[in-house]
Every structure is written in structure tokens, then in C-alpha cells.
Amino acid sequence: MTTVLLTGFDPFGGDDHNSSWDAVQLVAREWATEDILVTACLPVEFGRAIEELIALIDQHSPDLVIATGVAGGRTLVTPERVAINLRDARIPDNAGRQPIDEPVVAGGPDAHFTRLPVAEMVARMNGAGVPATVSLSAGAYVCNDLMYGLLHALAGTGLPAGFIHVPDRADLPTVTVSAGLRIAIEVGLEAD
Amino acid sequence: MTTVLLTGFDPFGGDDHNSSWDAVQLVAREWATEDILVTACLPVEFGRAIEELIALIDQHSPDLVIATGVAGGRTLVTPERVAINLRDARIPDNAGRQPIDEPVVAGGPDAHFTRLPVAEMVARMNGAGVPATVSLSAGAYVCNDLMYGLLHALAGTGLPAGFIHVPDRADLPTVTVSAGLRIAIEVGLEAD
Amino acid sequence: MTTVLLTGFDPFGGDDHNSSWDAVQLVAREWATEDILVTACLPVEFGRAIEELIALIDQHSPDLVIATGVAGGRTLVTPERVAINLRDARIPDNAGRQPIDEPVVAGGPDAHFTRLPVAEMVARMNGAGVPATVSLSAGAYVCNDLMYGLLHALAGTGLPAGFIHVPDRADLPTVTVSAGLRIAIEVGLEAD
Amino acid sequence: MTTVLLTGFDPFGGDDHNSSWDAVQLVAREWATEDILVTACLPVEFGRAIEELIALIDQHSPDLVIATGVAGGRTLVTPERVAINLRDARIPDNAGRQPIDEPVVAGGPDAHFTRLPVAEMVARMNGAGVPATVSLSAGAYVCNDLMYGLLHALAGTGLPAGFIHVPDRADLPTVTVSAGLRIAIEVGLEAD
């Protein structure tokens, strides 16, 4: 039996919603395959988001892990190519911490590339009418933190895993974002 | 019998395609109602685009006129709220003319508001998964020229007419743009 | 004796500062000509900002009026070409009012062009190292409201007047914005 | 004697100028300290730009290396935080090569962080009126290629070195960009 782990994030920065979680929930509501879909909404907290995601992986042994978060200002679905070993927050996280110029993992490599076939995901999304492009930066806030921690933890394993930034729902409707995430899951499972 | 006139533009500025015409052609290929759809690809030339559009209106007596053009850099479908009485070109048009700080219509009013229900169009597009927002500027190139000329010519009539800018197909797939244009036509005919 | 009236705006939308007023204050602190500079910080309220500006004009009989406001997301100083007869607010103003699709002046023309030599202002700013471009939309919030009301009130007079949007100070330092405003004043007085 | 090596790039992608080289030349024309400034204009070619830069370092033994390139669409001066081990070109380089999803250095680490004090550079630029921010992505074209190759070659040495993207001169005047580069050099030499 195939298991997919798909996560979104809590609201942060004063917003009352997080479009990544909106989209993940819609994927779950419309899930229609025999595969098992596990979804979770992670806290916007440096370090703790990683811990919760690793715990979910240990618990469910997924065959594919896609974490998502919102990127205000972006208007396309953007699978991330790389996570960097940097915490550099312009606003505090939801626990009130605001690290400046710190590493995610002390002594870790400067970056980890994604373990997802992001170019193929983007090509398939665009073919289906979902605007998408590969992004070369996941920022230096909690999204990048989660992605770097995830890839660092999985180094040496064969588990496909990565991160996708999505637009705010004001810039791309949730129904379109969730269609994109469904395609990302399909492509990720094919590549598996 | 209801007739809809929908136009796109020729390529310009060195491009080998114009995403507005791509989308208009796709609307035509998938047209499935009993209404008559007339489509045309207009020249990217100050003044001449207006003349051709007015000639098409005289010939077909449409019940709704929607002109479209591409807006490089935009990522949403953007029905335009207003056209201004200004030609101010950063690059020459396809006839080699580059007017700077000239009026579209000498002595005309500074602007004309659209005759389309743009807010309703945008709400319906977003509801259907097509990213859209109302734009407050159609620029000062041939798109604005066409929109101003169209609205100026129709002043005093009851014909619903206006202009929609669409993203380049690299930023929003043609299938999504054409879905947005179909919705715009539906809303425009309801309001009629 | 030459008098210049230069205004900024109060903070709004939850911000604790308004970069337009920061820049106007810096212009005032460094004012070194014999001309009289009158500055004021206007309320972010539909209608009331116009009333206060008109009262200042009546009181000081300026030879040049430049109103400024901040445009979040813009990174260049942008003298505005045109104001439109539309109030369409995405957030409430500082008095809690949020007009949707209403005119600034019922029965007024759809737009008024600026009475400032904006192209020359932009050329001179860029020549001096201040990034600038002419903007074709002042939006549909209080900035546009003020600009439309100002130009509507001055129609038929010979007083040069208009509006300049400035970036947030996080995107363009206040010292650079104020340099741009000083240049705008110089050009405005030359044209007078 | 202190030596600074500052480079720009040739035009590419059909442009007739490259704003990075414009700015570097202006820095050179106005150079007024006793330090030696070595400038060079590098070819927009994967691999070859790196080779030429390494040869210049061997020849001049600089105390500080700052390479620059233009980033169309950006409006601030952006010292880059990190270079990634990826060549992924949307257009061919000036030698006609267009690598897709290839490494810069086979077997190299996924990324190298800059060896410049980019946060301090940005703070000082903004304080002086030059709009600036740290960037987290140098792209995956020749600029990133040069930066990765430079940092890879210098790994284990103590030489401060890195890359700064600058806006096109249409978006930020060359005089302002060159002021930013002079500040970057000052800060880089202080940190040395």
C-alpha cells in the first residue's frame, strides 16, 4: 500500500489563514485513489516544524513526502529546487523567535537539493492549466528550515521528499493550487 | 441570435507569438453554444487596430465586444477598468510608429471607464480557479489605444464592450486563460 | 515670493510609519532656498484628505502643489500621470470607511491628467541617481482620491499640481526619496 | 598595497549593454584611493567566465574579489548569499550553450555561501541612499556559475570573495549602482 504525506502550515504574521493548509485540505477532501493520504498542519516555528514532520515520517513510513507553505507575492505554484543552511527571519516565528544569520544545522552542508522531480512536476502542472515554475530559493524562514531539516534527515535514504511553495489564495484560487498539488503527488509517485 | 466579438493581437516586440490570440483561438475551437462567436486578430498598430475593430462591429453587430491583449509580467487575467487618452510608447508599434505623449483622440476626455461588469467577471473567474483581478491601467501602448478608441466610439450606445489583458502563456497556461475568457463572455452576456 | 505646498500622508493599514511623510519631513529639514515650503501630513480618509488640501491651498496660495503618498511594493519614485473618478478600497481608510466602486465626484469626468511635467521630473531624477518612472495608475484608494479631488478643484486654473507615489523606506531609502522630491519641486517651479 | 578585483559581464540575450559593466566602469573612472583597482568584463559563457576570473586572481593576487552581473527585473542592489551547484539556462549563453539541470562542478557540494559580509554591505548601502537587500538566489545561469566556481576554487583560502547582482540601468541609475559597489568595496576591505 502506497502512503503519501502532505503537509501545510499554520497561519503566521497576523494572517487568519494559510493558503497552503487550505490547499492541502482540499486535496484531502477530494482524494479518490486507493493510496493512503496523510495530511498535517505544521507549526510556524523554527526547529519544531522539522521535529513534527520527522515524527510523522517515523509514524507513517510514507513513500512520498511533500511539504508545502505559502509564499506571499508569488503567483505561481513553485516546487523548490534547494534548501539552504540558513535561518534569517524578518519577522518572529509563532513562538516569538527570530533567528538572524544562524544555521539550520550547525556544521551541516550549505545546502541540500530537493529529492523531487520538480522540473517534471512543473511541466505537468502547466500542461494541465496550473501556473507553475521551479523556484531556486525557499527563503530563510520556517519553510526553508523545514525543507532543509527534512532533506538533511533523509540524506542517504531513498525516500522522495521536498517542498512546494504556493501563492496566497488571493493570487491563485485554492482549487487551482490543490490541482497542482495532486499533479505533484502523481508525478512524485511515478518517479518513485 | 446573440453574437459575441472577441479579438486578440498579433505578435510584437520581437515575440513569435501573442498569448492573447492563442487564448482567443482556443475559445473558438471549443465554442459549444448556439451563440455566434466572431474572432479576429488585430494589428499592433496605433489607430489601425481601432479602425479594424470598429469595422468588425459595423459588419457583425455584436451584442458583446471583448478585446484582449497580452501584458508581459502580469500573472493574472486582468479585465481593465479604464482607458486613458494617451499614446506613450516605449517601443515602436508594428508599423514603426512610436508616439510619445500624444492623445488617442485629440480633444477627447482624459479617460473612459469600461462598459463591462469587470468586478463580477473577476469574482466568477476566481471562483472557477482562474486567477484574476481588476486592473486600473491598460498602459499607454496599442492595447490602451484600442480600448480607448472602442469606448470612445461606443459612447452613447448601450453596447457592452471592454478590454481584458492576459498573461503570457509562460506565466499562465493558455487553457486557463481561455477558461477565463469564456467566463468573461458568460458574465458579459448575462449583464447584457 | 514663491510658495511650494508639499504633503505626505499619515500611517495606515497597521503600519507605524508612512514613508511619504518621512520623505517630506526630510525635504523640509534640508530646505535651503528662499522659497517658502509649506508641508502637511494629511489624513488617510476618503474626502477629508481633499478637504484639508484644498484648505491649505486657500490659506497659502502656493505656486506649486505636490501631494505624495506611499505605494507598497513599488521600488521607484513614480509621479502619477492620471487620477480616475473611482473609489474602490481593499481595506478601510483610517475613519473605517471602505467605499466599493463609487465615484470620487458624482458626475465628474472619468479621469483628470496631472498638471505636473512628470516626464521631465522623471528624466531629471534618473539623471541624478534617483530611480523613477512615470506611473499610469494612482490606484483607487485615498491617494487617487486626493489626486482626483485636487485636479478636479483646480480645473480651469493655471496652478501646477499633482501627485507622486514613493516606495516604502524599506525599498528605497528616505534620503533618496527626498532627493527625488526636491528635484520634482525644482522641475515644477521651472515649468511654472 | 591593497588590490581589489571588480568584474562585470558582457551584454547577452540580445541587449546592447550590460548594466553591471556600466557600473564597474564608473567605479573605475571615479576611483580615488591609493588601493589598486583591477576591473574586467567577463564573457557570458558557462565555465569560461570562471576560468578568466581565476586567471585574473592568479595574476593580480587581490585582497578582495567582487564579481557583478545584471539581474533584469530587480530594482535593488543585491549581494548574493549563496551559489548553487546547478546550471539550468532558459536561454543559450554567448557561446550558444544551454545546459539544463547540470552541475557546475560534478561531485561538488550543493552550494557555497558567500565569503563577503553581505548584511553589513546592505546596511551601509541603504544608509547611504542606495536601495539594497541581500538576495538568496543568484539564479542558475552564468552569474551563479561564476559565483559557484569562484567560491569553489577559493574554498580553504582566506580570500574574501562573492557576487553582487545589480538592476538594469533603466531600473536604477548607474551612478547609484556604482555608489553601491564603492560601498561594498569599502565594507569588504574593512572586514578583511
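In order of appearance the chains are A, B, C and D, and numbering begins at 1 in each one.
We take it that a contact is a pair of C-beta atoms (placed from the backbone, for glycine too) under 8 Å apart; a residue touches a chain by one contact, two chains touch by 3 or more.
Quick caveat: nothing in here was measured; it's all calculated off a predicted structure.
Repeated interface, listed pairs A-D, A-B or C-D, reference B-C: A-D, with more than half of the contact pairs matching by residue number. Per-chain CA centroids place chain A at a distance of 37 Å from chain B.
Rounded to whole angstrom, the centroid-to-centroid distance between chain A and chain D, based on C-alpha atoms, equals 31 Å. Chain B and chain D have CA centres that are 42 Å apart. Contact with two or more other chains is made by no residue of chain C.
Taken together, the touching pairs link the chains into one ring where each has two partners. Listed in rising order, the residues of chain D touching chain C in the complex are 75-76, 126-131, 167, 171-173, 175-176, 179.
Within the complex, the chain C residues that touch chain B are 81-82, 84-86, 88, 101, 109-113, 119, 134, 136-137, 139-140.
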